[in-house]
Each structure stands twice: as structure tokens, then as C-alpha cells.
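Chains here go by letter, A, B, C and D, matching the order in which they are written, and residues are numbered from 1 within each.
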Amino acid sequence: MRIGLLGAGRIGRIHGANVAARANAELVAVADALPQAAETLAAETGARAASAEAILSDASIDAVLVCTPTDTHADLIEQAVQAGKAVFCEKPVDLDAARIRRCLATVERSGRPLMIGFNRRFDPNFAALEKRLRAGEAGEIEIVTVISRDPSPPPVDYVKRSGGLFRDMMIHDFDMARFLLGEEPVEVFALGSALVDKAIGEAGDVDTAAVVMKTASGRIAQISNSRRATYGYDQRIEVHGSKGMLRAGNIHETTVESATAAGFRADPVQNFFLERYAAAYRAELDAFLAACRGLAAPSPTGLDGLKAQLLADAATRSAQTGLPVRIETETAP
Amino acid sequence: MRIGLLGAGRIGRIHGANVAARANAELVAVADALPQAAETLAAETGARAASAEAILSDASIDAVLVCTPTDTHADLIEQAVQAGKAVFCEKPVDLDAARIRRCLATVERSGRPLMIGFNRRFDPNFAALEKRLRAGEAGEIEIVTVISRDPSPPPVDYVKRSGGLFRDMMIHDFDMARFLLGEEPVEVFALGSALVDKAIGEAGDVDTAAVVMKTASGRIAQISNSRRATYGYDQRIEVHGSKGMLRAGNIHETTVESATAAGFRADPVQNFFLERYAAAYRAELDAFLAACRGLAAPSPTGLDGLKAQLLADAATRSAQTGLPVRIETETAP
Amino acid sequence: MRIGLLGAGRIGRIHGANVAARANAELVAVADALPQAAETLAAETGARAASAEAILSDASIDAVLVCTPTDTHADLIEQAVQAGKAVFCEKPVDLDAARIRRCLATVERSGRPLMIGFNRRFDPNFAALEKRLRAGEAGEIEIVTVISRDPSPPPVDYVKRSGGLFRDMMIHDFDMARFLLGEEPVEVFALGSALVDKAIGEAGDVDTAAVVMKTASGRIAQISNSRRATYGYDQRIEVHGSKGMLRAGNIHETTVESATAAGFRADPVQNFFLERYAAAYRAELDAFLAACRGLAAPSPTGLDGLKAQLLADAATRSAQTGLPVRIETETAP
Amino acid sequence: MRIGLLGAGRIGRIHGANVAARANAELVAVADALPQAAETLAAETGARAASAEAILSDASIDAVLVCTPTDTHADLIEQAVQAGKAVFCEKPVDLDAARIRRCLATVERSGRPLMIGFNRRFDPNFAALEKRLRAGEAGEIEIVTVISRDPSPPPVDYVKRSGGLFRDMMIHDFDMARFLLGEEPVEVFALGSALVDKAIGEAGDVDTAAVVMKTASGRIAQISNSRRATYGYDQRIEVHGSKGMLRAGNIHETTVESATAAGFRADPVQNFFLERYAAAYRAELDAFLAACRGLAAPSPTGLDGLKAQLLADAATRSAQTGLPVRIETETAP
């Protein structure tokens, strides 16, 4: 597999290094709006720096990884599949559901595989939990709980162009809730506040939020988010069902524990998403390479991306109007 | 302190035995609609069996514990305070808020102390957490999470006259959320399903539910309930704030852990509320006796009981209408 | 059952209050070298203060609890069984094995039950572990590990007349090792140091010690002791066998956990042996009452007391000589 | 840094792959008694297959990693340092202490760095614990406890030429005890049994063992080993001191926990030493490369290897004679 990388920012560098470390794939070329970024990463990985156009028109490149800013995703996906390439794209496809639908229709017509970067599905802990859930270990699913707290809030400038907390941060949790529920939510109610940083509130967004959702059969999902957690990057899931509970917790920085007159103390949890999800990014890439080779259907699909986006849109509207929002079932474009 | 006990059912027997074990209080008399129940408990505790009327009109009795069925609470509270007695009453005062208000007005006029039996506030773990929260250990409170799952659902007959899950079961969690939030919720949204027992749904109630609430300053509370948990009586609280998190978990039956090829296994959590909250019931009684002696104001108060009831009413209405419900601030009657 | 209590010190008060709270036993009389101590406890428990002689010669008293200083135990046991009473005696019977043997022979001739106060066998956690061990859950036993650390060292005056750490403190762990091993140790090697308090070393004792033992079939036990643990009263057991491991850990003061930038913090473990083993003392008394009634053989027996003492003697000699010590099999007197 | 690898077995492949993944080092050549093994690894890592002689005489190679069978270590170390190369050698240097001393004298004369592969010192958890210990977090060290249990026993053929459990398996724990104690043990007592596999006993070795050691100032170390643990590769350390305790536990396969009527279940711990210590092997290589560059002294040194070997020899002798063994202080050759 010959791979081109579009975007050499933080997440692009992760994927680029992971491709370079694979025996069954080769990182051929790297593009970035900042030529220096592309060149640096290319040098580190044995690839060449190139323009996005050059990569898309290079017939020797089998697949591209789209790690550019969100507003370029849909266009690049369309160009890539039309050029016959398999595509891995970081979430989201677009902040606008209509634009996503058009993009997915183009992908559909191309017949090329598209996989969306919901990395948490590939975390070995969460993936093991989901597998055991599907095997029936918790019985009939009743309540799914997802807790996500970032170590610290992003700059307000980022917040302003992020689409808001529900689309920028909670979208991962919407995908995780769908992944675990085994059924589509049909109703969403959201509450949000700006408690961490007043400036986020002044920018029209929230930094603390809770969502409840219900599926057609009555399963319930709860999600809560905070843009700040002093003790690290807090990522927990819990599923309660007729036979019991399955949950997966955080990973502490080390296993060292101290005991003194002040009590027993364990380390903070891993603080940085690139560290916390390092194994997930590697497994995600493996899944994409397997899909490129036709060994497995691409998953999560573009439709998964659209459905998470629709939940994020609904939550955004719910928080704005103060009313619950119904979700229409979205079918493949 | 000479104490009379009204109601010798499951919870009455707990309180009766706790009074009998106290050096600073004496269980004088026990009443129950079933004379045999009163006599049995009286024999065990060195008290005498008597009618409720006889207890209320016995001037030598300083205080009564009301542990009778809910629909008798308000009347008995009124009679007792008018007879000059301090009153401890199991939750709720009544299923009807208007009736509660009238009862509290009568208590107010009597000048006698009334304390409501929200036992969980007295659990040593939850009480310690709340104290540390008030001392600022978590900083500004942002998200309160309460999880309550009963080991198994009650009979449908009980469910039918219980007032519904939000008033019968979640009312404890509404009180716990208020206890922890340090601020009144002003908005409530509730979702419920009958997933555990279809008959509960056919009786018009739910057995699985989630609530989100918001206070005026934007603090968020999440509550979830299930009427069944295979692994025991699941009672957890978690408070997230600007400085970090405080949480209190379950108590396993023993500290024994096994490790085999199947993994590491710990015991289920304590299964029965009378065992899980045994220490809480003792501490609750101590608090009531202290209030009777004027050493501390009674707490939780009748107003606390009313406010939890109003949240339960709002959640019930929200689940029925599918819409969020605003809570008006309730002030002392 | 009518019970007399000999000794109203710290441990006597525990047993006295536990008897007083039982419906199936009555605390009749309390003796102590300090009449005031006996009177105070008698007043609290509804018993009368009396001399030891009066209690031993009171034919209406069925059983006595011996909670006096160690050097009186053997004499009181002999007098009590000769007076026809069942006897519960705090460990040890005596610091001298020969004296213990003579005492046990007297008990044997009397036909009266004698039970020794190795309270830890009755801790619900340790008792559950032992039961599961006997049921084969860990398979064939290979390594038994016992860790005991006291919160703080006793006064040097106490140390001087205690018989030394191995007889005074580790004797509980020798009994626990025997309880868990299911086989008698035949070899003991001990190391000790005075690291906590120099004065303990100057008094000829140690405050930090480790012992290894081996049974005839090759099972290994490790014990370690310290006279000081800043984080509470540290009491842990672990058994490793062919099928896996069983262990029981400490009990934290509360279940509250905090998480901040400094990490995750749990409470110290319960600090005081009377709190840590409160349930054990109650269960121990139940076992004694059952033995008095002939419902079960008394256990731990006087022979158990002797065997633990012989291990403590052997460890003391090993630490003094620097050489391992063989244990001869002790059979019933 | 240009690196040659001697030995392409299990551990050699780990180090080879780790070198190949480093930007600051190059794996140049691989030798193995089985040419095919060398060629396969060379192909995977971009190195060339070569004889050991060719590697040792290649002046362009700066350093060698000795991963060959134990009986070749001392000779290869001597030849390599005499050829001017830095050397990393897997433990042990030799099973014979006199041979180790001669080898270390040769290394000393050469002036070249030698580092011994006690990988556990580089485990991020154990390394963090040791750093905090040295910073005084546990105060004065009193008791060091090391528990090591392998998932399953090696073949008896391996056992026969292994030097015995104390030299083959517990040597890692002797090194860990020295690493943590901060002082040399001066006395060793060992007990061992063949409980896991009778054939191991028939071959003259043990599979279950416990050691206690004491330093000159009275610090105590306890080590226990088993050749079998059904629940994974059990690797724990605990240090108790005047200010409290520091400990580091096992790593479970995932963070998933289930709760059912059978209790709460976590995964077995990581089963395979190459997985459990993957991060340790990487950090160990980094330390060696830093030592090669003169940025840090090599550590653990050859003398560390010798001292651990002397403890293993002493334990072997103690288990054979049934007597404790004194250790003479070993100084640099």
C-alpha cells in the first residue's frame, strides 16, 4: 500500500509516523499548507513533500489520509475517491450535514472505501468492552454512560471556529454512545454552561455539558463533558444491562501508589490524548489498511460520521432552544 | 429522651432497634396497624405496644419517629407537633406538594423540630464527601453525578401505589443532588423506560430513568436509576469541579479478591439497603436526638423534603410530556 | 448463658459490651484489679462489679472471659475450668510453653471448653478467604504471605514485659499463617531490626521483622511486621496456589476518593485495631457462645494457642541465634 | 551510533527491532549461531547478517548487544571491549562469580562502557518508584518486598542448565532489591520447594522460593518467586519506610471491568514478559545509547551484575544447606 498524507499537523504527524513504522504500507508523500511542516515530516518518515494536488493525481498512490482543517475535508474526500483512492478522513467530514450527504453520495458513486477517524473505537480497552457487549456479557443494554473531560480548555479563537462543544468535542462521545448502544438514538436533550472559561461563554459556546438520549426501544444514553479536568484526560465508559455492567476506566501515568498519613495516592491519569490513544491510532490505521486491501469493510463509515454529526447538531439545537430534539433515521445516501 | 415509634415495619424496626441501643434515649412505646408487629418489636426492645393515639397523647413522650405508610405521614406529623413532640418522619411527607406545604405550615406554627429521613446524607462516606466539598476541595462545583441502582424491582402492586419511580426511588437522588450541588436546580429534564419489567410499564411507570438538571448559575446534575443491578445495590456519587473531582463508590461484601486464569474477581457490592446504610441510620438517629435536645437545627428539614418532592414531581411531568420543566424557587412556608 | 468477665481493660470493655448487646447471653459480673474499672463497665452494661474469686465461685455463671494481664491467664483458666465454667481467654495462655502445656492438661481433664482469642480468624474478610481456600479455590497452597504493620510502636515499658515482638505482635500472624497454610510449619527463620525506635533495640527487642517458614510438604509462609505504619493499621493476607491467588486487603476509613493535579487520593486505612476488628470481636463471641452451647467445637483451641506460641518462641530464638529453628510437632496434651 | 547484535533469539529480536526504530542509532549487523535467524532479523531491520567475528572486527561498529547464550557472555564481552566497542550484555555475565570478576577486570582495563541488561530497572513504573524513594518520599527504608511469579514453568531441560531458580529467575529480584534498598544485603536466607512441577524437583531445582535478606543497618528485604501464576506474569514491588509506603503493581490486559451476580471481574495481568516490559526494553536501550555517547555512566554496571550473582549464589547455597549465608562486600575489580 502506497499512502499519501494530506496535512502534517499534530494528528497528521501521528498517522504519518504510524504508516512509516508499518511493514505493510509505505508513506510516499506528505502535503501541508505550510511547506516546512510537510518537509519536516517527510524527512522524518522517508517520504517526499508534495502538494495535495500532486498527491491526488499520483496514480501510484493507493490511499490518502485526510488530516487537514475541517473545512477542506469534504472537497478532498471527493477529489480523492474520484481519483480512485481509498480515503481515511479525520472527523468530521463537514460541520454541515447537507454537505456531508453530498460528499457521501460522491463516495458512494466512486465505489472507493472511506473510513472516518473516530479513534476511540480502536482503543484496546473500549474495543474489548464493545466486543464483550456484543457477545451478550451485559445482557440487554439499558443505560450507556460516557464521561469525557479534557485536561484544559482550548483557546477561545479555536472555540469560535470549532462549531461548538457538541460538534467539536462531544461528537466523539456521540459516536461512542452509538457504538455501544447498538441502536440509534431518536431523541436528544442537551444542557450546557460556560463554567470553565467565561470567554467561551461570551463566544457563544459552552465548556460544561450533559446530554441524555433515548433509542426507539427505550435504551438510555448519558454523556457529560467538561473542557477541564485537573487530574488528566478523563475518558470513561459504562454500560448497564440486564445481566450486569461493563465499564472501562482511565489509565494512570504509572502504577505507583504511595501511602502516607495523608492517605493512598495514585498518579493522575494520562494527560494527553495522543498518549492516551496511541494504541488506538495504530489499530485504527491497521483497520484502514485492511479495508484498503478489501479484507474488511471500512468502519466507522461515512454514514457513521454523518450520524454522529446529526446528534451533535441536535444537541446544539437542544441546548440553544431548551427543548429536546427528535432525530430522523438517516439511511445510506 | 423518651421516644415513641409509629410503624413497626422494615424501617421502623431499624429505627426502633437503634433507639433501644442508645444510652441517651429510651424507646418507650411502639404502634403499628398490625398489633402483632408492634408487640414483637416492643418485646425485642423493652418498649410497650400501644396505639398511635396513646403515643401521641402521652405527655411523657418527647419525640416520635413516623415510619408508617406514606399516606399517613402528614396527618401524624401534624398531630405530633401539635401534641408538642419533636418529629422524625421517613420520606416523603406526602406525594402531594400542596399537602406538604400545609403540613409544614402547621409544623412552623408549632415551633417543634421536624426532621425528614433522607438517610443517605448520613452515610459516613457521602457525609465525608459533602464536608470536603463544602471545604472547597473540588473548587467550584460544575457537574454532580448520582447513580442509583436497586438490586431488583419491587412487586408491581407496590409500584402502582408508589407515586412512580421519580417520587419513590429517585427522590433520594434528588435530595443527594441538592445536598451536593449547594444550589437549587431550576430546570429538570427526565427520560424513562420500562426495560426491566414489562409489567411496570403496563402499570404506567418506568424502571430505568435518567434526569439532567441545571441550577441558576449553570451547575449541572445527572442522575440515573435502574430498578435492577445483578451485582448488588449500586450507590455512587461523583462531583466534578474547578479543582478536581470527589467521588464515593460502593462497598463490597468483603475485601477478598481472587485471581485466576479468568481474571481478578472481587465480591458483589452490599446488596441490601439496610446493610449498606446501617451506619447511616445510626448517624441519622444521632442527628435527630441532637436536634431534639436543641444542640443542632434539624436537617434535612421539612422544606428539604418538599424541595426533593417538587423535583420528583417535575421529573415525572417531564417524562410524561417529553419537555423540560422549570422549578420555581420554594421558600419556607 | 450467664457470663462473667475477668478484666475490664481495653479488650475487656469490648467483649463486655458485645455480651451486653447479645439477646442470647447476659453479662452478669465484671472483675478488675482496679475496682473503679469494674464498676464503670458494670454500670454501662447492666452487670455487677465483683471479685474474680466471687465470679469463679458463682455457680450460676456458665462461662468466663479472661481479659486480664497475660501472667494471670493460665491460673485463671485452670481455676475456671475446675469450677466447671467454659472459658474464653485472650491470647496468649502464657509466655512459657511448659506452663501452657500444664494448663491445657488441666483443661483437658476438666472436659470444659476453652477458646483462645485469635480474633483475626473471625474477621469477615479473612474468614471468607479461608473458607474459599478450604473449598479449593486457590488449588494446592504454595505461598502464604501475611503483612502486619501497627500504626505506631507501643511504649518501651510495654515492650520490655511483652515477651518481644515475635510473641507479642507476630503471634497473631503465626496463627493466621497456620490458619491459612492448612499444615504445620516445621522450620522457622527470623530476622529483626530496631528501625522504628532505637529505645526498643536498647531494650533488647526489634520493631521490624520478617519470618519465613516451611511445612513438611514444602509450603512456604512469609510474615513481615513493623511497629509503625503512617497510613494506618496495615493488615493483609495473600495465598498463592496452583489454581491462583486469594487475598484480602485493608479497609479504608471511607470510600471517598479525590482526584486533583496531585493525583488520585484515597483515605488512610482504619487506624485502630478495635475499629478494624470490631466485626471480628462480635463474631468471635458468637463462636464462643456456640461452643458453650455445644453447637460447635471451640476453635481456636488451647492447642492452637500453644502452637502459635511455639512458632513465636522459635522465631525469637532464630532472630537471637541467626539460625533457622526446627519445630517439633506438638500434639494434644 | 552503529550497532552490532550478537544473538537473534527472543530477546535479541526485541533489542534489534528497538535499535532499528531509533533515529539516533543504526542496526548494522546481526549474528547468530543459526544463520537463518540472523538473516531473518537482518531482513526485518535493514541490517546485514554477519558472523560474530566479523562484527567484532568491524571498526565501523561502535557498540554491540550481547544476546547469546549465557556461557558465551564473558568471552564476547572481553573480545568486544578489547576491540574498542561499548557493550550491552544480557544478564548474567556468567554463572561463575570468579569468571565474572576476570571479565570485569578486562572491561576495566579496556576503559570501554559495559552495561548489564537488568531490564526491570527501566520499567517506567519501577523507575518512577525508585526515583521517588531516592527523593525521600517513603523516608528511611525499612522493608523491601519483591514478588515475582512467572505465568508457567520452563521446560525441565531448560531448568537443568539454568543454574537454578535463584540464579535464573530470582536474580532479577536480587537486582531489584539492591536497586530499592539503597544498601547492600549482608545476610541471605533462602527456602525453596518444588511444588509446581515434580520434575523440576527431580532435576535438583525448586520452583517456589522465598528469601529474606538484611543489610548492615538492619533493612530487611523479602523476595518470593513462583514458576507459575494462573492470572498472568505477577510482578510487584513494595517499599515500606519511616514516612510510609511506595508500591507498584501489575498491569491488567485491559481496563475493562465487568460486574455481575458473580462479582466484579478485571482482566488477568499482562502475561508475557516481552509485553509487560516492552517500554522497559526501549528505555534500557536509550540508557545504553546515552552511555555510549558519554552522556551518562553505564548503569546497571558489570559490578551490579556480579553483586546480584553473588546474592543468587548465596541463596542457592542457603537453600542447599538450610543455613543463612553471609555476603562479603564486593568492590570494583
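Worth pointing out:
By definition in this document, contacts are C-beta pairs under 8 Å (C-beta built on N, C-alpha and C of every residue); 3 or more make two chains touch, one makes a residue touch a chain.
Fair warning: this is a prediction, and the values are worked out from it, not measured in the lab.
Between chain A and chain C, the least number of touch steps comes to 1. Two chain pairs, C-D and B-D, are weighed by contacting C-beta pairs, with C-D ahead. Averaged C-alpha coordinates put the centre of chain C at 41 Å from the centre of chain D. Chain geometry summary: the mean Cα position of chain B and that of chain D are 58 Å apart. Chain contacts: chain D has residues 229-231, 243-245, 259-261 touching two or more partner chains. Here chain C touches chain D in the complex through residues 140, 142-143, 145, 147, 149, 187, 189, 191, 193-196, 208-212, 214, 218-220, 222, 224, 226, 228-231, 234, 240, 242-245, 322-324, going by the rule given at the top. Against chain D, in their complex, chain B makes its touches with residues 229-231, 252, 259-269.
Partner chain A is touched in their complex by these residues of chain D: 21, 23, 44, 124-125, 128-129, 132, 137-138, 243-251, 254-261.
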